[in-house]
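Two complexes are shown next, each including subunit A; its partner changes from subunit B in the first to subunit C in the second.
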Partner chain A sequence: MSAESDLIVRLDGVAKSFGAVHALDGVSLDLRAGECLGLVGHNGAGKSTLMNVLSGNLLPDTGAIVIAGQDVTAGYSPQTAMQRGVRCVYQELSLCPNLTVAENARISHPAIAGFGWRRAARALIGAKLDEVFPGHGISTNDVVGDLSIARRQMVEIARAFAVTDTPARVVILDEPTSSLDAVVAEKLLKHVRRYVEGGGTCVLISHLLGEVLETSDRIAVMRDGGVVALDAARSFTRNSLVAAMGSVAETQTAAAADGAVIRDGAPVTLRATPSAPETLTLTAHKGEVVGLAGLSGQGQTELLVRVFEHAPGTDVSGNVSLVAGDRQSDGVFPLWSIAENVSIGSLRQFLDGFLLNHDKAFEFSNRWKDKIGIRTPDMADPILSLSGGNQQKALFARALGAPAEIIVMDDPMRGVDVGTKQEVYAMIREEAQKGRTFLWYTTEMDELRNCDHVYVFREGAIVADLTRAEMTEERVLHASFRADA
Partner chain B sequence: MSALAKFGKQPWLWAWVGAIAVWAATAAYTGGTGSGQVMSAALTFGAFFVIVALGQMFVITLGPGNVDLSVPACMTLAGTVAMKSMDGSGAMLPLGLLLALAIGLSVGAINYSLIRLLRIPPIIATLSSSFIYQSAAIWWNRGLRVKPPTELAEFTTAKIAGIPVIALCVVVLAAIGHVVLTRTLYGRGVIAIGQNPRAAHLAGVKVERIRAATYMLSATLAGLCGYLLAGFSGGAALNMGEEYLLSSIAVVVIGGTSVAGGYANVPGLWGAALFLFLLVTMLNTMGAGAGVRLVLTGLIIIGVIVAASGGKRTT
Partner chain C sequence: MSALLSPRLLRSLLPPLSLAALLIAIFWLQPRTMSYFGLNLLLNLAVPIALATIAQMFILCVNELDLSLGGFVSLVACVTATWVHDTPLLGFAALVGLIAVYAALGALIHLRNLPSIVVTLGMSFVWLGLAVLVLPTPGGKAPEYIRSLMTLKPFFVPMPIIASVLIAGLVHLFLMRSALGTVLRGAGGNAKSLERAGWSILRIKMTMFALAGFFGVLSGMALVGLTTSADANIALRYTLLSIAGVILGGGEFVGGRVSPIGAVIGAVTLALAGSFLSFLRLNPDWQIGAQGAILIIVLALRVLISRTEAKA
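Then we have the complex of A and B:
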């Protein structure tokens, strides 16, 4: 199994710095045929940077990349990576939003050419989508920009697995399930196992330790730009992984406050009814954390945006701020610094008369840097210098720092590591106790356990209304599917 | 060193470098004679460019597709209506100014309504509406040139210590524009919208209010420019705004503002306005024919923009 001939990729002493930040500190890693390597670590540990080196997007400062026994370091680029069968599904998706699903498939498969290319591209991507995600509901003629983030993720994944003239020997999946609900994620992980058993190689980066432990053959743990542990998956447990990543073992989620108590005593801060027929109405009380559950893309985001806009059909008392989950299209201002991205949500606080006091705004964002632990030497650095999870923290800081009584969160933990998640959960609980109301759309079952009350969405409507005591995984899943489906 | 390096990266730097280089070249060619007058003329004409470019800069910063093509027609309409209403009387001066500004404001409001209510792309909306404004100007005074009040003519040509008064006023106007861009909620909002309108909306920026204000600001500044230019050039003419269509955009872009939106700066407007005027002057002085002049103008503008973008264009 571990014979030299199985060796597909060898990364040898790869180092990469961005200014003063050592993103990679001499990493060596082997990938073998027929294995799935799990890659875990905190936000900013260097996982995405390492994979960007392997897929040719970043040139290493020192070190070598060896593919199938050949040193390819000199002039390595995304094109050579593709030719040698290295595919990557990026955390920040790389599809062109103005093109259709089929046209996007054609971009990374130049072998499709000549008359009838559109038909060939449709057949290629359609078949792969059917294979990996049966029942996906995506048409190959859909324009990518119109798809939900979960469906865009599915297209990106199917495109990476699709084969034309170059083989798909190594497929890198960077946080592939962060936008997918449990059911779709399961389909993907099953496909990964089938692919690996057929001789392929897969790198799976995820903050969901359960799926890494279940799916991987070996697991590498990264910390501060280096690999600190590497062993067979079965020799790790959830706790030993967390310990290796360098944070205290996860304590059992603090039990949410007794929902009934809040419901009975506190005034209603908002009511919202989805526009779909035959739906229940969502009600949130002051100081409550209300969960929006269900499969992804069932109208949860739409309802959050309507609450944010105080749109007709909602009755909202108070200011609302929003934590975007789809950070590329809904959250980040790419030309601005981290500080500017954080302070945009609360600019009024920094007014001296008519004019903004930039020093005050910078001080404010520095306080949030410490409070939420944004990993950066300087908040004046560009937001895009941060890893995905740290960008997400900046968006949290923007919303929590804003003077809003109600905070709506659109699946906000995408790409956030375990340790930070626990801190943010605690922060949400603390803010709720101070009287803020939270609406929290999430596709992760574990996060629903932090909520006082849960509404389950299906096809744009609210189909179940569960108190904290009634909420179990079975009930949520049961409500997520139609009785006749 | 790092302060110097930072200075070297200022996006407006290259427009100023270009302006000074072209001026120096002209002075060297003529042996220094008349270079004072050239600079004085550049300051006057540059001032008119900067007034409209300031408004255009805010519009362009709103992001891809946002541009105000009604600037020339708005200038013409405001200029003709104001001149005819004042009819050469100095007492009517403030009224004429108010009228010009009000026309600008209404033009901006109409432009924005077309964009918002009828969902017409800004390029089409402002271009098509400008035909209406231009026709209104023709209909208003039948193409006659009405003389401006002498007080207005004197103001626009007055000089203090050899420096045109109008240039000093527009320097103050640009300084205000700079503060509005960098230190007000409105300015931050414009820059946020230009980077990502959906994210701006979801971060609590009042997107539509700011877009409306921006189109109104642009047209109001165009109205002001039409009023002053009519005073300067001895009356409003129907083609007075013509060259301001492309130059208002060129000044913004050469000045280092991003055409893709979300990034703007004011100092570059002055540098670019002086550069454009001095460039044409230099080529005239050197006796270049019309064809050569246009070719060289194009090439030199491309050169400055490439120099200004420096190492950033790696792709």
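Then we have the complex of A and C:
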């Protein structure tokens, strides 16, 4: 297995700095044919930077990239990467929303051209979608902007695996399952195994340690721009991976005090009923953390938005602020500084007469920087200088800093590292004890354990109402799937 | 059943329906326009506007805006009425040079990351100044072949209609249906994605600007063919007309969402709106305002349809 002939890619002492930040500190890594390499680590550990180097989007400061025995470092670019068969599915989706599914396939496969190119593109991407995600329900003539995030992700993955004149030798998947539900994610991981067994090479970057452990042959753990552990997947366990990443091992949050007490004593702050027929009603009491569970895209976000808008059919007492899940489109103001992004939620607090007191606003954001631990030298830096997890922290600071009694969260932990998650869970608990109410839509089972009460959604309706004590993974899964399917 | 009248379809039908409504209103006010001659007269000036709108559409497709188009078309008209008429070789070389300048502008905007509004606003004064230099006083003469092409009287269907359909169809084939056009549009949707797939955004921007320059040149030549002479201010209003035409035709300012057929329909609608208001015997002082009102009504309808689409 470790024969030299199997070696597809060798990264040799690759280093990359952005200003004073050493994103990569001399990383050496081999990729072999017929293996899936799991890549885990904190946000900001350098995983995405490393993969951007491999896919030609960033030139390394020092070090060499060797593909199939040839040193390609000089003038390495996305084109060379494509020609050598290196494909990448990026964490933030990179499809053109104004084009159809088939047209997007054409963008990354220049070989599709000339007369009849549309038919060729449709056949290519359609066949791959059928192969990877049977029953996907996507038409190749759909405009990508009209598709849900999960379906866009499916298109992007299928596009990376599709083969025209250049082979797909190495496919890099950066958080591919973050917006897919469990069933679709399972299909993808199965396809990865099939692809790898057929001689392909896959790099799987994920924060879901379970899927990395299950799918990979080898796992590399990154920390602070270097690989700190690299071994066969079976020699790792969930805890040893977390330990190697350098963050505190996850422990059950004991703080999720028994929900019945809160339910009995506290007043109801909001009631909401989904618009679907035959549904239960969601109730939240003061000081409660209420989880919205189920597969992705079953009406959870819609309900959150209705609560946020105080729409008819909801009975909300108090101000609501929202933590967006889709950072790129609903969350950050990309041209603003971190401080501005944090303070925009509570501008009224900084008024001097009718003018804004910028010093007050800046001081406010600095307070939140310390409180929530946003890792930046200066809050006046642009928001996009932060890693994804830290951007999300800034969004939390915006929502928690606003004078709102109710906080709704739309799957806010997408692609956030374990350490950051623990810090945010603790903060949510603390704020709940101060009397705030949280509505928390999440696709991760672990996060539900932090909730006092869980409502399971299916096809736009609430189908189960579980207290903390009743909530088990099995019951949530059971409710998420129709009995007849 | 509901798919028959989906909001998406409604939205794409809005431009042709507005045009049809306007035509019916004109025919009703002035039945004599419902003839070969009447239509010819009514739609004549729509051809250069349609060409300018297509030029603007290429720029909008890559998320830029061209505020110099009117000045550019004026300059082309002046060059056509003088150099192209007197010394064709020099004239055509000048026009090719102008297209090259447009491509260079695209490169400049992309490489220096400048706002296109600022660059093109500056260029509009350059074009105007050059136009005055080329033709200080109104005059010049259209080359005979352009004149005869623009006043061609084909059998049965008036020339402007044939020209509009031809322009819309050809550009549609190129931009919306061809493999190359797909890449060009993709740059407006997600430039980063294209870069990652190995396409050069610089080349795409230069291509789009050069195409805009090419259609700007066609617009200026068509205009001179109709008016027989030129003046430096002849097409200044084309800047805003072309932007309005693209938007009226269903295009958007960002995101690479444009439609060549829609743009031509939008341009024709705008050209007809002027005649419609004249037939209403509206005081010319009010006409610009009324044209704006028509624009607002159509765009409001579009927003309304998009809202129902978002709800569905």
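Throughout what follows, the second predicted complex is superposed on the first by the 484 of 485 C-alpha atoms of A that agree within 3 Å, B and C clash if a C-alpha of one lies under 4 Å from a C-alpha of the other, contacts with A are read in each partner's own complex, and residues count from 1 in each chain.
One rule holds in what follows: a residue touches a chain if its C-beta (ideal position, glycine included) is under 8 Å from a C-beta of that chain, and two chains touch if they have at least 3 such contacts.
Note that this is a predicted model, so its numbers are computed, not measured.
When both complexes are superposed on subunit A, subunit B and subunit C occupy overlapping space and clash. By the touch criterion defined above, A:88 reaches subunit C but does not reach subunit B. Judged by the touch definition given at the top, the superposed model places A:344 against subunit B, while subunit C stays out of reach.
In the superposed model, A:174 lies in contact with neither subunit B nor subunit C.
Judged by the touch definition given at the top, the superposed model places A:78 against subunit C, while subunit B stays out of reach. Contact with subunit B, but none with subunit C, is seen for A:402 once the two complexes are overlaid on the shared chain. Once the two complexes are overlaid on the shared chain, A:98 sits against subunit C while remaining clear of subunit B. When the shared chain is aligned, subunit B comes close enough to touch A:354, but subunit C does not. On subunit A, the surface touched by subunit B in one complex and the surface touched by subunit C in the other have no residue in common. Within the complex, the subunit A residues that touch subunit C are 55, 57, 77-79, 82, 88, 90, 94-99, 103-104, 106-108, 110, 112-114, 117-118, 145. Residues 305, 308, 321-322, 324, 329-336, 344-345, 347-348, 351, 354-356, 358, 398, 402 of subunit A are the ones touching subunit B in the complex. By the touch criterion stated above, subunit C contacts subunit A in their complex at residues 177, 179-180, 182-183, 185-186, 188-190, 192-199, 255-257. By the touch rule above, subunit B contacts subunit A in their complex via residues 179, 183-185, 188, 191-192, 195-196, 198-200, 202-205, 262-263.
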